[in-house]
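Listed after this line are the structures, all set down as structure tokens.
Two complexes come next, and they have one chain in common, chain A, joined by chain B in the first and chain C in the second.
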Partner chain A sequence: MNKRSTTVWIGYGALLGLLLTIPLFTDEAYVFHILCLIGINIIFACSLNTILNIGELNLAHAAFMGIGAYASTLLVMRLSFSFWLAMPLAMVAAAIISLAIGFLTLRFKGAYFLLFTFLFAELVRILLSNFWIGLFGGIPGLTNIPRPSIQIPWLFHLEFSSNKDFYYLILVMVVITVFVMRRMDQSRLGMVFRAISQSETLTESIGISSMKFKILGCAIGCLFAGLAGSLYAHFVRIITPADFSIHAVLTPIAYVVVGGMGSVFGPVIGTSFLMILSHFFLREFGLYELLLYGVIIVLIIRFMPEGLISLPRVISPWFGKLLTRE
Partner chain B sequence: MEITLLLQGGLNGVMLGLNYGLIALGLSLIFGIMGIVNFAHGEMYMLGGYVAYYLVGRFRFNFLTTMIAGVAIVGLLGALIEKTLFRPLTTRPKQALTSLIAAVGLAWVLQMLAVICFGELDRNVPSAFKGIIHMGGVVITKERLAAIIIALVLVSVLTLFLMKTRIGMAIRAVAQDKEAAALQGIQVSRISSLAFGIGCALAGAAGVLMAPIFCVSPFLGGEVILKAFLVVILGGMGSIPGAMLGGLVLGFIESFGSLFFTVPTVNAITFVLIIIILIVRPQGLLGHE
Partner chain C sequence: MILLEVKNLTKQFGGLLAVNRLDFSINQGEIIGLIGPNGAGKTTVFNMITGTFRPTLGEVIFMGEEIGRLKPNQIAQLGVVRSFQLTNLFGDMTAIQNVILGSHQKSGVGLWGSLWNTKSTRRKEMECERGAIRTLEFMGLVEHQKMLAKNLAHGQQRRLEVAVALAAKPKVLLLDEPLQGMNHEEVRDMLNRIAEIRREGKTILLVEHNMRAVTSICDRVIVLNFGEKIDEGSPQKVMQNPEVIEAYLGVEE
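So, the complex of A and B:
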């Protein structure tokens, strides 16, 4: 292990340690509520990033999160499955539907795929709001979704009923997600995805079926969107069709772009930065909150199109200049 | 079913369709030239509506002045936005995505600015044309008739401009191939600004036309952009007749559909129909590969 990777691992360790010890500093339910939401959004942003990595933008990504959320909720509430079984099943459901959609639509190029996913997102919202109301609950959605718990007879019983307890569950899931994303990014699979996003024709010329890998990338992304949906449903305990509409995907896209597309930690940084900004700092500005939020996003994109992750690279020449001047 | 009811539905469909077409035309023009999916397009329509609200409603300007002012204000704003925000992004990697998010951010900014400046209430805009016309059994208000006629005039003028003038030809050349157009001595950056301005101005014009018929509110843009997307998908990206045909199809579906079914059913049918069209003919009804 060389010196650089040692420092990197120490950095990860310190960050994780800090996140684990947050409960020692504060007890406020609001803080943990926001932290949990940030975690769920990080998982969602990472999954969105997987699809951006193959060079496509999925405007229906929130709909896949919705599919995960509704699947998990219905399995738990109607068929009284355990959350720990319903969650993976919800992930698989989202992935399977994305496979079907992928086969149909990934042959479209560029804007047409985007437009199709837009239609699909709206169709899912309309179906969930107006049809089979007995099952899906219509526009008001489903309420009183139970929080998960672990129960091993005679050994222990763990309820994730408080926000603080749920925070640990989310933290574990975020770490798993980021770990998987990082492994994938460094593997051959990640390399194929990047190759496809740069030039599909060239990738195919060396014998890689870009269609196959694009469908696969989409399914992996939707798998984690399903995870985010399932966690969201059991954390917030109310889901409505509007939570997963086309507008619900625009904010996470902003997280990814502001953080830095294509890198593993870009979405993590972008989500944390923008959500902490909007929930802890911009609240004071009332009416101007959303305005400032929009202005900040536009400015970051205008002056730092590669995202916050490129900040050290953008700043370092300035420091260089300062140093040489002395 | 009475024949007059059908005619009435048809007229409403034409009015809705032409205006959807106007909005989508701008969206499609901007996409064709710059490859940007302008999410802030609905906000341009909203701004057009507010121009009508202030000029007609507050200051009692006549219609022609309002229309010219609406087109000029929204068009200039569009050109300015292109120059300051979108053009610097065109040379960067993953331009399509970054500019999409920039447009989303811009839409939020414009929406909140509208809330702050104009208030968040729905506003009624008095019409510059008062009275109704009876044609057989069909009744149409003059403002709706005006909306139909003026939309037709605008589309014809735009078509003539794009087909016959040198600048129009330059715009079409840039849409086909940027490098080849630049080699012919066309200034691509200037054409981009112009096309963005024209695209936004079309949405602004539709806003001025529709403001007296529906209300204006700062949150109009979101719904309008959804409609414009549908129209563009139906008609095909970058096609003028496609945008108008797509607009009319959507206008008729909405107008006739609501005569026979409930609104959610109409919406679901519309979406399934458009998805099928997209799967069979991804380039839209009149689009090219």
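So, the complex of A and C:
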């Protein structure tokens, strides 16, 4: 292991240590509520980024989160599955449905793909709101979703009923997600995804089936969207079809773009930055909150088109200038 | 031995007959030039051989097998690999990554193995990288291996394109105007390298406008005009043909 990667690992360790010790500094349920939502959104933004990596924008991505959320909830509430079984099953459900959808729609590119995913997002929303109301709960959705717990008889019993406990569960899931994304990014798989987004014709002409990899990329993305959905359902404990409509995908797109599209940590940074900004700081501005939020996003995109992740690169020439002037 | 053969190959775009009843064959180890004025249908022929377009009529036979209805990536896996007329590279990747991707399909690097970073995969990846460096050396790009493809000079980009195609281990290499936009020095260099590729036993089909280049390295040339073959034979013989001269230079009044 070389020196640079040692520093990087120490950095990750310190960050993780900080995140683990947050409960020592504060006890406020609201803080943990926001932190959990940030975690869920990070997982979702990472999964969205996987699909952006193959060069497509999936407007139905929130619908796949919804599939995960509803699948997990229904398995737990109707079939009394354990959450720990329902969560992976929900992920697989989202991924399998995305395989079918991807097979049908990924042959279309750009705007056409966008339109088909828009269609699918609406289809899912309408299906959940108006059909099998006994099962899906219609427009009011499903309520009183139980929080998960771990129970090993006579050994220990862990309830994730408080936001603080749930925070740890989400932290573990975020770490797993980021780890998988990083592995993927560094492996041949990530390389092929980037290749497809840069030139699909060349990828085909060197014998790589771009269709196969695009379907695979979508399925991996939707797997984690399913995870985000399942966590969301059991954290918030109420899910409605509107939570997973087309609108629900727009803010996460901003997270990914502001953080830095295509990089592993971009979505993590973007989500954390924008959500902390809006929940902890911009609240003070009342009416002007959303206005300021928009201005900040525009400024970041104007001055850091590659996202917050490029901040060190953007400001380093500035420092250079300051130093030479002195 | 005939490696690649097209029979009665025809492509119609609406009312336009881009390629009309074209027949030719390429033997193992030959360099064939496909020439003709702009719009003669040369690139369309390429696109049909490599599966980008489906022929309206006729067939493409590679090593005794009909490939005209296969997908581009399947054809490439069989060993028919092309370069593009307009520079087509993975611009935001380094030169060596471009070549590694070129060899991906034949490298045996499995996706799961790569994801879990297993020992055997790492060994294969190392092998792949060594192979890529050899290919880059062969194309004279090894000192630029860490540069992003989009930052290379035009001549280097064109050489890198050939390197990417070579990495895919083709049996037939189809080069679409590899000399386009190059200066004299670069042209000479590229021609030497193409001749070298051929000495290694590869079969090459070349689309080119540069007449001197074509006559200097091709064993045979096929002349297209308005989608039809007007002549075929040794470069010297073809250049004497009044019909060919007319197609290229126009008629003297």
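The rule is short, and it goes like this: the second predicted complex is superposed on the first by the 326 of 326 C-alpha atoms of A that agree within 3 Å, B and C clash if a C-alpha of one lies under 4 Å from a C-alpha of the other, contacts with A are read in each partner's own complex, and residues count from 1 in each chain.
The rule we apply is simple: a residue touches a chain if its C-beta (ideal position, glycine included) is under 8 Å from a C-beta of that chain, and two chains touch if they have at least 3 such contacts.
Since the model is a prediction, treat every value here as computed from it, not as a measurement.
Peer 1: Look at the residues of chain A and decide whether chain B or chain C touches more of them.
Peer 2: B
Peer 1: Let me test your reading of the model: by the given contact rule, A:M191 touches which partner, first (chain B), second (chain C), both or neither?
Peer 2: second
Peer 1: Check the residue A:K321 against both partner chains and state whether it touches chain B (first), chain C (second), both, or neither.
Peer 2: After superposition on chain A, A:K321 lies in contact with neither partner.
Peer 1: Is A:R183 touching the first partner chain B, the second partner chain C, both, or neither of them?
Peer 2: Once the two structures are laid over each other on A, A:R183 reaches chain C alone.
Peer 1: Going by the contact rule set out at the top, does A:S209 touch chain B (first), chain C (second), both, or neither?
Peer 2: second
Peer 1: Applying the document's definition of touch, where does A:S199 land relative to chain B and chain C: first, second, both, or neither?
Peer 2: second
Peer 1: Looking at the overlay, does A:R302 come into contact with chain B only (first), chain C only (second), both, or neither?
Peer 2: first
Peer 1: Okay, in this complex, where on chain A does chain C touch?
Peer 2: 183-184, 187-189, 191-192, 194-195, 198-199, 201-210
Peer 1: Flag every residue of chain C that touches chain A in the complex, lowest number first.
Peer 2: Residues 50, 52, 71-74, 76-77, 81-82, 84, 88-93, 97, 100-102, 104-106, 109, 111, 114-117, 125, 164-165, 167-168 of chain C touch chain A in their complex.
Peer 1: Applying the document's contact rule, which stretches of chain A touch chain B when the two form their complex?
Peer 2: On the chain A side, the touching residues are 52, 57, 104-105, 107-108, 110-112, 114-116, 118-120, 122-123, 126-127, 129-131, 246-247, 250, 253-254, 257-258, 261, 287-288, 290-291, 293-295, 297-298, 301-302, 305-306.
Peer 1: Would you pull the chain B residues touching chain A in the complex into a rising list?
Peer 2: Touch list, chain B to chain A: 31, 35, 37, 39, 85, 88-89, 92-94, 96-98, 100-102, 104-109, 111-113, 115-116, 222, 226, 229-230, 232-233, 237, 264-265, 267-268, 271-272, 274-275, 278-279, 282-283.
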